[in-house]
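Could you have a look at this structure, given as structure tokens, before my questions?
A, B, C and D label the chains in the order they appear, each numbered from 1.
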């Protein structure tokens, strides 16, 4: 293996002039370098896999962002382009307009809900729709702000990727995209199913509650009670309300999916470095190898910090919102269900919510887990190969807390997951105990 | 940039003799040195900004302390002088007398409240005015004790400032003063608004409760019930009571403002060092540069420890008091409000209290955040420039826990903020759940 | 003492050829090496103790696994063989079939319980048998999965043992086996006693509740209510249900015993290294000694990680289950007991449960405790003998968190034990306080 | 380096032979050395203070142990001797017999209480006397076990003291004894006052509850209800019961005093080292100085570990017991008091309990605080004087967690104090909120 830092291997002048436009300040990693060299010189034929996946995060996340754009989020252009340089954000474009309109409509909706809540009593039953709408509005705004920063962020990400040790096989290049698409597909499907169940359950409830009136109308009124508190009922307004409700619900689910994918992407970067490290486990390597690896590790940490600056607001929002609704649902869970359809929908919905919350936490905490993996290799460096650079690297890995955060208030680690789970269980136990103390010893 | 430790550049004898009186043991930083040099030699004309802001904390905090003195706190002289050496505390001065009289009056007030509380039942409703008065008394005593130590502390602070890397531009020198004044203005304005609202709400409540009697009299009695339990009602006693109430309320708010400003001042010191470090990020610097930086960092840490010794009691008091009243307000929040004016005042007051508590925590925790920033530069030191001094510096930064504390029982960090917020939310959830479990599934 | 790494002392060719078959890649430690040398050359007579205990974990745990196999767990062959190489797992064997049948029956039982629970109200009284059955099913599956990986794991374990410093005396070799057998004996005996008490208490309760009907039949119905909800009562079905109930109960207790033994085994490895270290406390040793010790320590850490990968699911299961039943029992504890036999059984059962939970935690946390012991010796290394290897070793021990985990969500340390105990006590206090606030001051 | 104590100044052969008997392995520090030299040669006149205090912990703690022996605790001989070598424990001595009789009587008392508790309902009101008696029994047993180990422990402690840097002035030598006696006097006095108040309050309560019967008899019955449940009332039995009650109550208070004194003694050892360090702050010292200081620090850490092994059970007992009674008292605090004498006694007793608990925590946590102080000096070592030994010392101080523990489950630090206080406050808030939610907005 070539252990010289990639930075020392300068492309020849000829290549340089051709690549110049693409490289800018960042330096290409060996893999893309050799591949592109091949392409420009025509020496090596590109295989199918070569063109399908270059293993970059930008490429993997493209189709996922397309879905977001259908629902009015992330109005950025060039998300399906091969190179992150094609990404552009402009305030004057159809996508951006769509997003802005969506934000405005959601704001109006939130205003109407606020009006409804303050007219009623200050109770949890009333607060929960307000939280839902405020959350939807914040999600839309977050994605709009993210879209502005996305092109710069992806360029930086691409530059980091190119300086990491190259993938050894095309399978490795494919792996990230596969995982990202799998996660997206599973979660979006579940979210849609859950929403369909909610519609069915809602209509059923409408029939159950007011058996004489039109169930569809009752259902629509139940979906947008804040609208029909002010306006008279009209079918098109009802459909608009429902459509907005769908978009809002999707935005909430999508944010969780998006965060998981960010987690996946960042931990795959550590994976690339780790693969290179694992190949030299227990071997004596020159100091230059360790300097290079340390710099690569540092690059990833810097990227994580930058990404965290952009998404940590979303993380906070996602955690706060998910935990709020978990608590609300648990509070409901100890009440008697009015019908079997409610029972089924309720537990399906609660399971989905819990599972999604857990999944977001675990995917995000993987970044922290993987950031500590180099220690495993460092500890096995033989005495002869142990040098000052390794000590510095080992010290930095051991002392640093590399993790995504919730607005820098908490680090997302596996320990946090337990703490949150413990809190929820305690809460549920306290709830149960105030309903269950009697009759435990009675004969059946 | 001149990377020699400022300590090696001795002023010439001439300058020295002129500066001698001012310098004492401490050594001037480059900026003030050159500025003063300029002044003495007349080579360089002073601009307006030059004279307006020397960037010292003493100068920035001056106007804020003037406000405090209007309300009987911080009776120290020379707060508006250019040099911290002019600060003096004397027991025999008008300001000190004013403060002492205020302390005595507050003590009497507290005694009367205690009498009232012990006559009634031991309930939260009764305890809360006692906590308010005891707090006001402790605030007054804290500021009196602080005034005694303030001149020494500011001298030390000024000496530290002069050994730090000089500000590069006059804008940097202005920045601290601007932030301090902005924070003070916003918070004092909000506090006054909140107090006005409380008066309006109080009068409204007086009318609501006893529609037949004189609302002004009812209001004054409600403000000082402990006084009129013993003395007969008289207008001048009522006005005295209200005046003392205003001073007490202001003292509470002011303490929070003061703590924020301390936090701002200390983190700006780290900022000065960090600015110098950022300029050499990724460059190879001689070992002497790192020694100097480490010593500057150490100076700041020592100053923080000294400041903490003086203000950690106030921090404890502020946190305990704010949290107590947050809990009391949340407890009230689940009760039915008697009128709309109460509703508005109540939520405005609660929001202000929560916001202020959060702001104090965040400004104080910034000290801890900024103390860790040098690590970002140290990690990017290239291999060639990595020396023993950097390792020592990096180790000290990584291991040390530099933070303001609440009487050394807890460190003020961002993590603490989350812990406190989490506790409050849990408390609120428990409160709500015991009021809201029924009827969640009922038809509307 | 011979401080050369055992790896440098190569067996002679002759011995090697004879040992070749046994050694494979791993290298034998001095003890087994010399013992075997003795055996092959016939120079030294083996004493009784020599053959009884070679001090390996595989040997110590053998009889304990035999008990597991009686109850359908851990279907692996060769558990009583001298060498771990004899261990084999095969899907086609009587033991495996027995286990699989047990899993299937438990699944059916769990299904029936689920049916019963969902028919009734969602209350703790109903959920608790479901948790019991799901737990029993998961235990059976865990042990089945463990059996598949056991042979490989024990081989690795044996290889590690042979590279550690040899035991000095036959007593040391015996110690592990003695502790393992003692723990097993005590806990299995207590579990059987507790189960007998539960049967007596159950029959007593059956008589108490329905004095007219057949108490035995009532008891059997109370044991398997989920079965007789669907099937008609028949004596053989009742006995089957009871038998399965015994197996399930045993599986739960056995898992705890098994985890304790794993903890014992792993901490005894650290003990072996520590014994060697204690002999050189305060002495100056060559760097090679420290390299060897560090590598031995590393070997143990790697083994712990591997073992943790296999048993951390069980640890999670055991903790979750024990805590759930502790909470349920405490909930019951504040109710009035219907009879004295219930009182006795209830507190015996609760004490056993609490004691067992505590014992599991303590034995598992011992691994973490012992992993930090080398620091005690390192701190006493004199200045002359302090070398780079010691620094590296000390740093690794100080920074590393070596501990068994609950699915990597929490580390099992003594601190965790306190946290768990604190939570339980708080829970109990909250329970009590809502029953006890009145009448505390009344005259007797 | 010469790791011989500070000393370097070896006693001449003559002196040595005279001191030989006393010195054994341990080496005397300069102070005692020079003092004794003075005495033997008659060159220097001993002042009064010189003979009064040699500054050893053994000497300081002597009078405190005398008090313990009056109440049947710590039956060890030679506690007032100058040298710790005179300490002896023997099972056949009057003190030991007294202690054993006390243990036996307390056991019987505990048995009677247990009988009473199990006859009544399982309520907090009933459990609390049982906890009191079990605690008293455990305290007596702890001190008996401690007495056995005390002579060895004090010898070790004396040996450590003699290797530390000598006190500079006779005031320093006096300081420890003064603090120890002050703490003891204040706490014992308060405990006696509190007990007298309890007697007065008890008699008052007896009159209040049964105005017709003999108040003294009622009081005695209330003191020992468990005794008179079985035996008929007789005056001498009543007095015995009361006497035992006094001894039990004293034992509980005394354990807290004893723990504080242990904390004082251990932190004064760190203080001795720190005094020496402070004198060289900012100076360049030879490496040998740092080696010596590190070894002295190590000696203290080893001593703390040994002391912790002996007293950590007591610490656990003290914390558990104090917290239990704090919770019980808080539970009572929200009930209406039957009379004013109860009100006064109740809050005096609660304040004393809270203050004592806080004092124990703070004195014990001082050990941890002071163990970190050397870092302050190490950070100010100039670059020229920074050597490998300092790095090692600094690293050990930074990484080590030197603290007394509660059976190694928790470290006693200032952070713990806050955690405990926070828990108590939360508990009280929860208690209050379930009594106070109504009527907060009502007109007066």
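The criterion applied here is as follows: a contact is a pair of C-beta atoms (placed from the backbone, for glycine too) under 8 Å apart; a residue touches a chain by one contact, two chains touch by 3 or more.
A quick note: this is a predicted structure, and the numbers were derived from the prediction, not measured.
Peer 1: When you check each chain against subunit A and subunit C, which touch both of them?
Peer 2: none
Peer 1: Working from the CA atoms, figure out how many degrees subunit B turns to land on subunit D, in steps of 5.
Peer 2: For the C-alpha superposition of subunit B onto subunit D, the angle is 90 degrees.
Peer 1: Under the over-half criterion for shared residue numbers, do copies subunit A and subunit B use the same patch or different patches to meet?
Peer 2: Both copies touch with mostly different residues.
Peer 1: Using mean Cα positions as chain centres, tell me which chain lies farthest from subunit D.
Peer 2: Max centre-to-centre separation from subunit D belongs to A.
Peer 1: Centroid of subunit A to centroid of subunit B, CA atoms only: how many Å?
Peer 2: Once rounded, the distance between the two centres reads 38 Å.
Peer 1: Centroid from C-alpha atoms only, then distance subunit B to subunit C, rounded to Å. What do you get?
Peer 2: 54
Peer 1: Where does subunit C touch two or more other chains at once, residue-wise?
Peer 2: 334, 336, 430, 434, in rising order.
Peer 1: For the protein chains shown, what form does their contact graph take: line, ring, star, complete or other?
Peer 2: Topology of the interface graph: a ring, with each chain touching two neighbours.
Peer 1: Every touching chain pair, please?
Peer 2: So, checking each combination of chains, I get A-B, A-C, B-D, C-D as the touching pairs.
Peer 1: Where on subunit C is subunit D touching in the complex?
Peer 2: Against subunit D, the touching part of subunit C is residues 333-334, 336, 369, 379-380, 382-383, 386, 391, 398, 414-415, 417-418, 421, 426, 429-430, 432-441, 443-444.
Peer 1: Flag every residue of subunit B that touches subunit D in the complex, lowest number first.
Peer 2: 122-125, 209-210, 222, 225, 291, 298, 301, 327, 331-332, 334-338, 342, 388-389, 392, 396, 399, 408-410, 423, 427, 430-431, 434
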